[in-house]
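Below: the structure, in structure tokens.
Letters A, B, C, D, E, F, G and H mark the chains as written, and numbering starts fresh at 1 in each.
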Amino acid sequence: MKAVVSIIMGSTSDYPVMEKAANFFNEMEIPFEVHALSAHRTPDEVEKFAKNADANGIKVIIAAAGMAAHLPGVIAAMTTLPVIGVPIKSSFDGLDALLSIVQMPPGIPVATVGVNGALNAAILGSQILASSDPVIKEKVIAYKGNLKSKIVKANEELKLKEFKFKTN
Amino acid sequence: MKAVVSIIMGSTSDYPVMEKAANFFNEMEIPFEVHALSAHRTPDEVEKFAKNADANGIKVIIAAAGMAAHLPGVIAAMTTLPVIGVPIKSSFDGLDALLSIVQMPPGIPVATVGVNGALNAAILGSQILASSDPVIKEKVIAYKGNLKSKIVKANEELKLKEFKFKTN
Amino acid sequence: MKAVVSIIMGSTSDYPVMEKAANFFNEMEIPFEVHALSAHRTPDEVEKFAKNADANGIKVIIAAAGMAAHLPGVIAAMTTLPVIGVPIKSSFDGLDALLSIVQMPPGIPVATVGVNGALNAAILGSQILASSDPVIKEKVIAYKGNLKSKIVKANEELKLKEFKFKTN
Amino acid sequence: MKAVVSIIMGSTSDYPVMEKAANFFNEMEIPFEVHALSAHRTPDEVEKFAKNADANGIKVIIAAAGMAAHLPGVIAAMTTLPVIGVPIKSSFDGLDALLSIVQMPPGIPVATVGVNGALNAAILGSQILASSDPVIKEKVIAYKGNLKSKIVKANEELKLKEFKFKTN
Amino acid sequence: MKAVVSIIMGSTSDYPVMEKAANFFNEMEIPFEVHALSAHRTPDEVEKFAKNADANGIKVIIAAAGMAAHLPGVIAAMTTLPVIGVPIKSSFDGLDALLSIVQMPPGIPVATVGVNGALNAAILGSQILASSDPVIKEKVIAYKGNLKSKIVKANEELKLKEFKFKTN
Amino acid sequence: MKAVVSIIMGSTSDYPVMEKAANFFNEMEIPFEVHALSAHRTPDEVEKFAKNADANGIKVIIAAAGMAAHLPGVIAAMTTLPVIGVPIKSSFDGLDALLSIVQMPPGIPVATVGVNGALNAAILGSQILASSDPVIKEKVIAYKGNLKSKIVKANEELKLKEFKFKTN
Amino acid sequence: MKAVVSIIMGSTSDYPVMEKAANFFNEMEIPFEVHALSAHRTPDEVEKFAKNADANGIKVIIAAAGMAAHLPGVIAAMTTLPVIGVPIKSSFDGLDALLSIVQMPPGIPVATVGVNGALNAAILGSQILASSDPVIKEKVIAYKGNLKSKIVKANEELKLKEFKFKTN
Amino acid sequence: MKAVVSIIMGSTSDYPVMEKAANFFNEMEIPFEVHALSAHRTPDEVEKFAKNADANGIKVIIAAAGMAAHLPGVIAAMTTLPVIGVPIKSSFDGLDALLSIVQMPPGIPVATVGVNGALNAAILGSQILASSDPVIKEKVIAYKGNLKSKIVKANEELKLKEFKFKTN
């Protein structure tokens, strides 16, 4: 079993947020790896990782960082694999991380999701993998189809709320 | 009894905020319905609801959503009923939801109230209904008249605060 | 012919923005009036207008203001008619006006549209009038139906753009 | 004893913030009054207060409000007394209240202090009173002189912090 | 003739904004002086000015600054005269200057007006002077009374706009 | 020749920004199509497009929108293809569009690029296609390799700037 | 032992944040002093400190302040020593303090670090001292080298997380 | 002559802003070099530069970048020399660049100056050099002393403005 997705984060303090991405890939039975790497504190390791990811069989990279969040952009500068950036909230409600990730200069895009959007990053990663993998595509279609259930259940719960002038 | 107001929200997690709208309509004896529908997870149900609301006797729609809050705008695109949008606070103090709801492009307005402004949405809905319903108009006038009481009571309480150099 | 809509603005400098609302009502053949009134410079005139609007046959009020935009809220405090607020852009990209209008305290809602959203305010006003006026309703449905045409025309224009690898 | 300062707030929920202003005037032995009045819920009372304040002997008005904070500006529109505005924090970290108070249109200034700045409002009020009252002026000078003591005490405390390489 | 108001600015580039304050005092026949002083480049001159202003007969200080606008606060720290701060717009739409002026720590208030609000600063200064000067009070009352005229004229102009369905 | 990329925009006014994406795909010899579709004005066409894109051979969708930018999210709700969102700047420096696109709720990600980031959207789209297409991969690697040249040329130009104390 | 670094803060309430700077210098065996001084409440003491710091052997000044944070800029105006500014978070997530410190006018720079960035201020101070002190330079190089260890440890911890489809 | 300062920018489009830094060093007779390097497009060149700067005799690095401005932080991660970051304004009034530079994670500080603050970066760089170079120190002291002249001249100009009620 070889990982096709790498989840990279700057410290274990990001793990409680990023765990949702790990859970998603596990549930989808998509092999993945998880690394703690820092654009600023271990730049050489980041470079080694980013330059070899493609050759190592990785298809999509998910990189999470907070504050002046350089990690996703720095990785994207060293690979042609799609890099998904997850802004981690730690100050300014995550606006600093969001702008540091999404406002990349021309030439080096990062596919940015919402603040603390680890689950969406994983779903997006799966959608990218699904382009060339019909098995994953099936799973993504099934997953997206199931999203309705939470709302339907919510709707059922709302029906139980009783008001004299409520008609449903 | 047939609902003239629909309260729509994206999940039951919005209910504690939106309950104030339900309470208001109940107190005003205006028949209403409550639904959980998602612009992104149940787009077909949203479409069915929005396209039929007018024919079903609904006069005003109140739609609440957080983050990239598309629900009010998506509903407004599919009906000519007035749609009142309630930005729900979940990130950026609700600024993302507010801008996603209020900044609608020309042609498709959403009547936006403040962040978590469920009560104001309900009052606004009643004011719209009151245009053509003298009974509701009476109730709205009475309700608005009673708003003074809270302030008057507040003023009485302030009179009880004792300071040597306070003159009232 | 008696006006059913009032368009209120703080100065003639707001007119170039608000003219779109006037044009819309004119085109829809909905009688309207236009006034320059200031919450701060002519508070007595505002009060007189707001308290008498309902009795004068007005059904919807559209109030535009910039900066610390108090006019829509001050009018809403003195009438039970629906008040639509239009934030006018003059500083901070209109954020000051938007927040001053939309963040009304509980009890006194203002139906807020986007910054400089005069056209949307007029459409929203017509949708409210349409609740009880089938002729206006017809017109609103027709107007909304015609919104497609601009996009369809845009789409036709895009087809004319020629690229070697463009397929449509 | 007749009040020379009025402290106005929109509800008793603002009192915990505004109490600092009351305490300051009490400590300075400057007669003051406290009222709960709302620009939106009791506009007539606000008008009565504002139009009579000068004749009643008030010299300075302090008005506090949150969200779309119209109270200070509405009062300022109806009197030529100096009005000090205190933005109360309840959403957007108080930015909505700050902009709603400070960004007044030309002609109707509000002397704005920082978010929840009740104490500074009171000090500013005293400085204004001091222009024409030598007794208050003495007190203000004494108060401002004493501000150093808190810092001096802080400095003494810092001297007690022990580090091997700390030299003071 | 001795100045009772000082208008202080950091450079002549602020003059086009602050000229409105000078014009206002001139029109009101209130003697004023104008200085260019910088909290950062001429701190000693600022200190000399601030510490002597009261003894020199100044009653109100208006201080304008942009960016990290320290001038109003630094002056306020060295006098008990009321200091009115004018945030000058040069970056971030003036938000940096606004926050640098209004968010003063407890003890040292600055009476802040809106971004580039030179005219409002002058009016506020006159209102403060009016507390103890009946002649100025008359003028302020007259000036405020005349504010209506601009709106009334605006209203007249709006009446001239012709639309088939405009009723006024 | 069948398009594998769809570029969708709300109106031809977005075309000057989005043309960079068209140029990029043309230069890379990747077949693409361009459509004007509006989430609000032509919701049925959007639905038809989104639900059939996959079957029509599209692999990646690029959707651009401004203000309350719902288009990318609405499309993403109706397909499992990766959707790249481009916030178009028209108000608030594009912050409203950015937040409306990137802050998607859990389940429906949009791969967001920077404000007006049409070129980056196209590059990202190519990187996604490159996962399963070695020819495109070659081109992407070549393109990214060539990015250096602009900087290198910039560096050469800087060498020509002459200063007495400049050493390179 | 004579201090070469001064850590200045406005009150002991800043000490819990700034303690990290003290700890860092202590650990690096760089002699430092700590003072509580206020730009607004003890301007004379600030002036005395700033004008004598150089002669007293200080090489770098670290100044922390919140809200309208004038202290770093005021000190920088009175010395040619490098001044490092630390914005302290107390309102607006520290944005007011950040802008009040970083947006200094031309001529008087403050070397600004992130909100509550006391540790980074101390590291930056050491890097400046290291320019002319080989012993400190050794220590800084060692410290920066050790930064990797936290990430490496984080990476080891992540390896222990077990998922069926996790490959590392 | 060997450079002691490096000015690094991402493209020649930053040169009109950064030229002020070059001019300053030239005027101060401090040898400097200028390079165009990109954290994203030429990461290897950035690494080579940053890792060798110290050995090459550089004492201070000034790095300018806009948007998601990673360059200053990436350089700071690879050297122990002080790095001064200049946020270049290109979108969001430079807020994206400011936050991307100043909000560095613990361990890797960047000495940030204001948006487009090239001159202040150069002055700060000189102040750092002055710590260990008495000749530069003399020049810095002279330069800072001369800053007054612009204000003094401004003050003289203001004296020439004539108003009937202006007293100076």
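Just so it is clear, a contact is a pair of C-beta atoms (placed from the backbone, for glycine too) under 8 Å apart; a residue touches a chain by one contact, two chains touch by 3 or more.
Keep in mind it's a predicted model, so treat the numbers as computed, not measured.
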Per Cα centroids, the chain farthest from chain D: F
Equivalent interface to C-D, taken from B-F, F-H or A-F so that over half of the residue contact pairs match: B-F
Result of counting contacting C-beta pairs for A-B and G-H, higher pair: G-H
Rounded Å distance between chain A and chain H, as computed from the means of their C-alpha atoms: 36
Chain B and chain C, separation of their C-alpha mean positions in angstrom: 19
Centroid distance [mean C-alpha coordinates] between chain E and chain B, Å: 41
Residues of chain H whose C-beta touches two or more other chains: 10, 38, 40-41, 67-68, 91-93, 95, 102-104, 107-108, 114-115, 147
Pairwise chain contacts under the document criterion: A-B, A-F, A-G, A-H, B-C, B-D, B-F, C-D, C-E, C-F, D-E, D-G, E-G, E-H, F-H, G-H
Residues of chain D touching chain G in the complex: 89, 93-95, 114-115, 147-148, 150-152, 154-155, 157-158, 161, 163-168
Residue ranges of chain A in contact with chain F within the complex: 59-60, 80-82, 84, 98, 102-104, 106-115, 117, 119-121, 123-124, 127-132, 137, 140-141, 144, 147
Of all residues in chain A, those that touch chain H in their complex: 10, 38-41, 43, 47, 66-68, 70, 73-74, 76-78, 91-92, 95-96, 99-105, 107-108
In the complex with chain E, residue positions of chain C that touch it: 1-3, 10-12, 15, 22-23, 25-26, 29-38, 40-42, 45, 67-68, 91-93
